[in-house]
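Naming follows writing order (A, B and C), and every chain is counted from residue 1.
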Amino acid sequence: MRKIIEFRNVSFRYEDEQPWVLKNLSFEIYENEWIAIIGHNGSGKSTIAKLLNGLLFPQEGEILIDGKQVNQDTIWDIRKDVGMVFQNPDNQFVGTTVQDDVAFGMENRGFPREDMIKRMEETLSAVGMQDYLLTEPHRLSGGQKQRVAIASVLAISPQVLILDEATAMLDPKGRTEIMQTVTDVQSENELSLITITHDLTEVVQADRVIVMNEGEIWREALPREIFSLKDQLREIGLDVPFITVLADELNQLGVPITQEPLNHEELLEELWTLHSKT
Amino acid sequence: MNNSLIIGQYVPGNSIVHRLDPRTKITIIFFFVFIVFFANTLISYGILTIFALTSMITSRVPIRFILKGLTPVWFLIVFTFILHLFVTKEGTLIFHLSIFKFYSGGVIQGLAISVRFFLLILVTSLLTLTTTPIEITDAIEDMLHPLNKIKFPVHELALMMSISLRFIPTLMQETDKISKAQASRGVDFRTGPIKDRAKAVVPLLVPLFVSAFKRAEELAMAMEARGYHGGEGRTKLRELKIGKHDILIYILFAFVIAILFYTRSY
Amino acid sequence: MDITFKNVSYIYQANSPFAHKAIDDLSFHIPSGSFVAVIGHTGSGKSTLIQHLNGLVKPTAGEVTIGDFHLTPEQKPKNMKELRSRVGVVFQYPEHQLFEETVEKDIAFGPENFGVSKSEIKHRIQQITPAVGLTEELLERSPFELSGGQMRRVAIAGVLAVRPDVLVLDEPTAGLDPRGQKEMMKMFYQLHQEQGLTTILVTHSMEDAVKYADHVIILNKGTKYMEGKPEAVFTQKKALNKVQLDVPEMVQFLNQFQTKLGKEIPFDRQSIKQVAQSIQQIIKGAESS
């Protein structure tokens, strides 16, 4: 597998004398991988996203995107490879209509007009917003705006898509919309995906999870392994999903749950086996 | 809740006037404003009026929207008419009222000026009624393009205008939200002495500014992340195109000018 | 204070082509001292409902009664300030309303407007600061230097310092991380109990509604879609799904459990531990038989 992103001993702080926001971070992300970065507010997780896009630069260590080091000279190339969706749906909508917003990134890169129209149709269909070409942002829901933001990023065919708490300001319906869109998009495109969140239920589908705490990588593991940490997760300000707590309680009551369940079906399957064994 | 929000006066439609290139509309209006002052005979006024009224009818903008645009200047038109009536002492005396003497010249002059006013406002408001603010922005950007040579930041100006247009509804929603939140904390925006009411604006303005700055910062970051680095090498999705209709209108308008200068008295 | 909506409708921009009915013939009663959750999607009329509770709008039809205050299309209560001092509203993202130079001044802003004396305000601030999880040394700082979570607590303190009888919470945990959300809800529940408040929680979170509310109102397109005790409302999966709302995760699981294993565990707002015990008994029962 090809390495797309590499952090080598990266440390970052906003100003000298201030505490480090990120401390000696090293990790790798591969082609077509879905990585979830999770941590409480202020754990440094969003700073990682900004470093990946060259919106900030580390004081120590280096960051490589597809073999290129992120620095002042490479940022415009890097930003072609790394697309980002931010938290606030309103504050990243540049265009006066959906079509203008999707075009914005392509205009910046000097795409010919015919390509823009073609890409726009493709990406808006991919996020299910093809019927809203001329709609103005204040007539869209938060979830719809975020889908447009995803389409705008996809339009420039990046290698990496970062969602920086893109669901944090949405209602449950919008959240489901976005998670569904992201899952579809990732399965249909050659794309590495980084979702940054504080919601543990959003990491289930990821290939790997990086848990951040106090500016450091606290754990890096499969979702299932992360879920099994329970109390330790609570200690660093995260929540434990219902199904994990239930499995734990059952184990304590002597009902042997062998595998850490990721969803209802997995636990029900085990319970069914136990139930019908006799 | 905010589906009703309309920026400016734009009335959506698909008439020929709507579909004209915004540059065509701006150019024609510019020259129209200019030549209105050359009209001085009944026929020359008639031609201009026919032109303006035909544009209005083909635009299919409901009359009430046009009248709404005229309300603030209605008074001005009537006032100039009356002023002329009193001041102009030309032509034959037609009416005598105590110390005031009204002359035929006054009536004619007054009418002429009022018609001019009326035509100017009608035609200029047709522009904003049938053209979206963003189209006007595009047209301005394109027409000011030559100024780039003297380092005038045309692209930046246009981008600023379009971002402002984009954020007006957002900021209006925000103003509504914050003023309600402060009203709920006991601020009274409506009653009380002027001094208190002026003071009541502070709890509204400070949060609005704070949030606008935050938005600006985040927007700038989002724009940068999406590869914005100035106007250089940038292409555009929205394209201005001079079509058949535009050429037709230019020819028609040339005729109007020709006839106007032919029929005016020298 | 009892709150009653009687056939209330509200139309935005009535008599214009853009007229839009935000609330449509809505009736409900909230007895004093209860903790009510109002649930519905964006656009279901929740925020218009909140504005009525504070006299920020008056109904287009029907009548709203809050204690002794009456709002009808014809009349607003004469003493609107009094109403607003009795009903405190924590709006969504309340930190956006902060504006003063110091935290202390911002908290004092509400009570000052409502004519509370300086010494009394000082006294209240001393009490409220720890109750909302702030420390004294923050009082002299600018609210804009604080973290998002702290700013929200300052804004909430500003509402509580007025000592309202009714507390209206509009998505008070939006944007906080899980720990922040939990602490915030716990704090509100404690305040509700200690001060005998009537609390109206507008939320998307079924889990919070199940946990804290003793009465649930489901809004859909401006009308009341369902109403009742949480355990009664939240077990009606079909009806809720119809308006694109989900049942709480536990109910979902219990339903699936019944489908898969053919055994019913009724939902009565039990803890996860209790659910585990029920499951254990069912499985044990299967073993022993």
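Observations, loosely collected:
Rule of thumb we're sticking to: a contact is a pair of C-beta atoms (placed from the backbone, for glycine too) under 8 Å apart; a residue touches a chain by one contact, two chains touch by 3 or more.
If you're wondering where the values come from, they're calculated on a predicted model, not measured in any experiment.
Contacts between chains leave no pair untouched here, as each chain touches all the others.
Two chain pairs, B-C and A-C, are compared here, and A-C has more C-beta pairs in contact (counted per touch definition above).
Each chain gets a centre from the mean of its Cα atoms; for chain B and chain C, those two points are 46 Å apart. Computed centre separation for the pair chain A/chain C is 30 angstrom, with centres defined by C-alpha atoms. In chain C, no residue touches at least two other chains.
Among the residues of chain B, those touching two or more other chains are numbered 3. Every residue of chain A that touches chain C in the complex is listed here, in rising order: 40-42, 141-142, 168-169, 171-173, 198-200, 237-239, 242-243, 245-246, 249-250, 252-255, 264-265, 268, 271-272, 274-278. Residue ranges on chain C touching chain A, taken from their complex, read 41-42, 147-149, 174-180, 182, 204, 244, 246, 249-250, 252-253, 256-257, 260-261, 272-273, 275-277, 279-280, 282-283, 286-287, 289. Remark: chain A residues 50, 53, 55, 76, 79-80, 83-84, 86, 88, 90-97, 99-100, 103-113, 116-117, 120, 136-139, 152-153, 156 touch chain B in the complex.
Contacts from chain C toward chain B in the complex involve residues 12-13, 16, 18, 20, 22, 43, 51, 54, 56, 81, 84-85, 88-89, 91, 94, 96-99, 109-110, 112-114, 144, 158-159, 162. On the chain B side of its complex with chain A, the touching residues are 2-3, 5, 134, 162-163, 165-166, 169-170, 173, 214-215, 218-219, 221-229, 233-239.
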